[in-house]
Amino acid sequence: MSVKRTTKKLRIYRSLAALGLAAAFAVMASPASAEISAETQYVLNSFSFLMTGALVMWMAAGFAMLESGLVRTKNTASICLKNIALYSIAGLMYYLIGYSLMYIDVGGLIGSFSLLYNPAPAELALINADEATPELVEAAVAGGYASMSDWFFQMVFVATAASIVSGTLAERIKVWPFLIFVVVLTGVIYPIQGAWSWGGGFLAELGFSDFAGSTTVHSVGGWAALTGVIILGARKGKYGPDGRVNPMPGANLPLATLGTFILWLGWFGFNGGSQLALGSALDAAAMAIVFVNTNLAAAAGVVAAMLAAQVLYKKVDLTFALNGALAGLVAITAGPDLQNHLLSIVIGGIGGGLVVISVPLLDKLRIDDVVGAIPVHLVAGIWGTLAVGIFGAGDLLAQIIGIAAVGAFVSLASALVWFALKLTVGIRVSEEVEDLGLDKAELGMEAYPEFGFGTQRL
Amino acid sequence: MSVKRTTKKLRIYRSLAALGLAAAFAVMASPASAEISAETQYVLNSFSFLMTGALVMWMAAGFAMLESGLVRTKNTASICLKNIALYSIAGLMYYLIGYSLMYIDVGGLIGSFSLLYNPAPAELALINADEATPELVEAAVAGGYASMSDWFFQMVFVATAASIVSGTLAERIKVWPFLIFVVVLTGVIYPIQGAWSWGGGFLAELGFSDFAGSTTVHSVGGWAALTGVIILGARKGKYGPDGRVNPMPGANLPLATLGTFILWLGWFGFNGGSQLALGSALDAAAMAIVFVNTNLAAAAGVVAAMLAAQVLYKKVDLTFALNGALAGLVAITAGPDLQNHLLSIVIGGIGGGLVVISVPLLDKLRIDDVVGAIPVHLVAGIWGTLAVGIFGAGDLLAQIIGIAAVGAFVSLASALVWFALKLTVGIRVSEEVEDLGLDKAELGMEAYPEFGFGTQRL
Amino acid sequence: MSVKRTTKKLRIYRSLAALGLAAAFAVMASPASAEISAETQYVLNSFSFLMTGALVMWMAAGFAMLESGLVRTKNTASICLKNIALYSIAGLMYYLIGYSLMYIDVGGLIGSFSLLYNPAPAELALINADEATPELVEAAVAGGYASMSDWFFQMVFVATAASIVSGTLAERIKVWPFLIFVVVLTGVIYPIQGAWSWGGGFLAELGFSDFAGSTTVHSVGGWAALTGVIILGARKGKYGPDGRVNPMPGANLPLATLGTFILWLGWFGFNGGSQLALGSALDAAAMAIVFVNTNLAAAAGVVAAMLAAQVLYKKVDLTFALNGALAGLVAITAGPDLQNHLLSIVIGGIGGGLVVISVPLLDKLRIDDVVGAIPVHLVAGIWGTLAVGIFGAGDLLAQIIGIAAVGAFVSLASALVWFALKLTVGIRVSEEVEDLGLDKAELGMEAYPEFGFGTQRL
């Protein structure tokens, strides 16, 4: 079942409840309701949102570790700070305004501007009642799932989009301006484009299909990162005047490996939870298919990236393998519900191969993406969204329109914010700070004070 | 629904079953039972305990990483050892005696001294029967949840209390005496005070409300740590004779960041699972609210700590951000069921701010808390418990009495144990060992033998 | 309920469904079906497979971190690469051929050679229908659980077996030949022996009992590793000509600690999920017992290993504590369903003690097991499998036959593959590469380029 259809179905249930037509629920419920009660469905749907949402939250740690491992020691504490701060800001902004912009009364282009978001009144009535009467239970259950379980699940997705940006721009962006960008990205930019597809806006009506967000989440982060890196510029010394590309290897590859495994685990929640329901055999069967496709695509991404690196560079390469896994995951995210598992291997494998090709290509364009987030999240995200059209689960033209619309809007909006920041507070640290490292200059601390070239005080 | 009420309700079910009055169950069950069968409720309640309990177990890894990252390299292996050992001891002691002291036949002050704890007989009868007859199922189901799923969930909480202590006392306490303290803390001290509130003892009767343990878990660890650090003394060289505080920065900040993310993830289990049930729409809706409040409070803690550090010290600081997250989490733990999400932002934010104020204050008092566990778990724990009284979900006087009673008991009991250990086996390593590092001296190994100032053998 | 019986029961349901005898399901279902509907059972069974399977997948990260922490810096990136690659290969091979060899139409010795594995037709019919009619739901539900949820759960187990091998052979095996071994191990060797027990083959008929795989998973990895290390030889310089054993300490013990905690968490999925069902009170009660035994055995393993090390070597030792936890976990894996929790403490404790004895014993035999995987997975795996026979839950003779049959087959098959690789592409790096480190030589990168004796470019 596509995200769109499911979202709509659940949303209709909720509206009916709000209108007091709870009785209509029994009729509209799937024929399985004879088998699995509405209250059981409600509990299972909610618990699925909470458990898979927790797995997605865990991806914030994955990005933090991946990026910590791929920057140099002198900027490691800063990237840790940015990651925990952006996850925090994303959650606060999505509560303040984001969720309603994306999901409440979406009229084609944008949702409502109602501030804050709170539990459904029928649920509060049930919780606060002296006794849980059948009427109170029925009214609450008519929502289909616990209102805040859905909010939680949607919230962790917006954080993912923001995480992508921090990696690309690492090692030279100022911490506070970066966080201001995150405020706008998570509170406004992400929710608006999300309203177009998942909120039921014009892309949804066009037939655009993006199960768990190759475009709606990953390419959004990718476009914001790409716009940012063009405006911000490359790290000092990364590109020589003679066209030489200076490697600036990550300081802690086991951490980067851990980050990738965390992301892989979290992706089962990301894609699996995007079934958006667990209240029927259909949902459980579909969710299981999603888990398997997700794993096979990631595995294929690893193997493809390793083989491509071996062929092209005569070396197996750990960072390509890691980014291959992530590219496979991003690529399958638009259509992990496809019923031919072999296809998910193909889609993920191509995603992994694309990374190996895209990384040097970006370097040729002097686009200095510290962790390879643009190849992984933007290139593979576009590929995965197209694949849904190519392999028949969606309409290719709608997919292309969706990719382009989201890309154009996010790039333009991001550019606006980046330029505004550049012209006011500035976005780039001074050359001295870049040499010294952001950790000492902006945070006054070191990530590894006793290791190697640290200050070596004991 | 408060912990107390839920615990009581479930306990009543169980007692009825034990009395053979299983038939009474159908009558007492919530009116929702028409919608969701008793057996389904039993399965969902149990699965919730197991999954959220596994998340809480994961917090042991979080403490281990947080503390590993915040000590110096020469004491890193020791803190790893202490963490895995204390989690192990906590589980064994809670099985041996702790659970029954806390939950079995609590008579105001203390539970029963029955050794070991085993599955409910009705469950074993069901499992061992040749056929699962409706009578056997009904008898087992009357317990409300799998007996050992509840045991598992309660067990992981006691380990959390012990984890708090190891961080504060790191870098100078002897490993075996520390572990003996853990034996008493987890087997006796924690369960006794736990009996007062969650076990249904005198604090519960007074109306003391502590949903998931700001006081019952976190302040317990905090008081034990505070008592310990006063008796143990500061690390050598930490405080100069002129009142100067010498920074002894943590050796691996990405690990500390990872630990914080692990704790944050685990806290969804800690608070969410403390709903203690998932067998109804009410429980699912309430659990979702708990998840959201937990996340918002932590996020607010991060942002508040960052802003406070920027204002007070003109630097953003990673360790303050990390401890801000944890303080936000501790603060919301007493009342994550509040129905106004904005309040959880306030409570968590104040928690984060308190950390930034408390850390230098402790240093002024020459209380050398290596990882900042006292500000996070004790100060924010007290704040969170008071907040439940202040914001109306509980009785403020009962909250104050609860905080004071637990504080007095845990401090006194801990002091007794610390002094007994000091006078017999000793609790502090020699100055030579402290200089050399506990890893080489007590364990005969190094955490990072090839890095920086390690012995540099290859 | 033993794995075997559960597997069979579920398999029978599925066969009946395949034969169109869905109606027979209602009759065969447990008497609890009056209490918990068949569709609810289906959803719960499937969700349990997915959530516990995700925890087992997480063990791949655990092995990666454990092994990263226990090798030297110069081989760290390589071990990371091997771990993510082997997990990927395991998933692909199990999809391609492994699952059908192990579970489809097993005729005593081996399953079917059908390539690829796809969702049950009844599930696809339900998902693709315009309307979920009761007939479609009933047909899908007759399978007992989502077909791909079971596949996912079984798949993550084969990866575990492969992970064990990489640790033992670290620091001198070539990356590609190692991965070719993984292809055969996960696609052929593991599934064939798995068919004998879990697939319902001759060991199952004999009464061999291995709840979650002390033998079927852990000893398989152990035998493959033992065979490999004998053929591969010890690391250069590990054993002096005078019988001296040169310590080659792991480079990053906090990572090894993290890996152990990850494995411990994952093991709740490994053992708990092996109940293979969650659709009844019986299953929930049994799964809770499994969780508790798993935790107690691990805890006992830690404490026993620490005490044994203190007594034998006069030092507490972190790596023994970590491997003690793992040995306790491996030991309980054959029988975590035992109903006397005290016994699980005994079984896990003996497992932990065996590690402390086995490690120096292997060194005496000049078997250079880098991470101690053979003591943990093979020795404790055999012990745990025997324990099921000794403590009455199984037939001791059948247990011995199972251990021996699996050991003989895996050793012979592995030896064949290792020799074939040795004679063709070679399995061992040159002495120069071993000195330089595999990271620089095979991958052209360093795990920690800025730390300690790294190349120290900045």
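By letter and in written order, the chains are A, B and C; residue numbering begins at 1 in each of them.
We adopt the following convention: a contact is a pair of C-beta atoms (placed from the backbone, for glycine too) under 8 Å apart; a residue touches a chain by one contact, two chains touch by 3 or more.
Note that the structure is predicted; figures quoted are calculated from it, not measured.
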Rigid-body rotation angle, chain C and chain A, from Cα fit (steps of 5°): 120
Self-contact between copies chain A and chain B, residue sets same or different by half: different
Chain A-chain B separation of Cα centroids, rounded to whole Å: 31
Where chain C touches two or more other chains, by residue: 37, 40, 51, 252, 258, 448, 451-452
Contacting residues of chain A [partner chain B, same complex]: 37-40, 42-43, 46-47, 49-51, 53-54, 57-58, 60-61, 64-65, 68-69, 76-78, 80-81, 83-85, 87-89, 91-92, 95, 116-120, 123-124, 126-128, 131-134, 137, 140-141, 145-149, 151-152, 155, 175-176, 252, 255, 258, 442-452, 454, 456-458
Chain C residues within the chain B interface of the complex: 1, 30-32, 34-37, 40, 44, 48, 51, 55, 72-74, 249-254, 257-258, 260-262, 264-265, 268-269, 272, 278-289, 291-292, 295-296, 298-300, 302-303, 306, 315-319, 321-322, 325, 339-342, 345, 448, 451-453
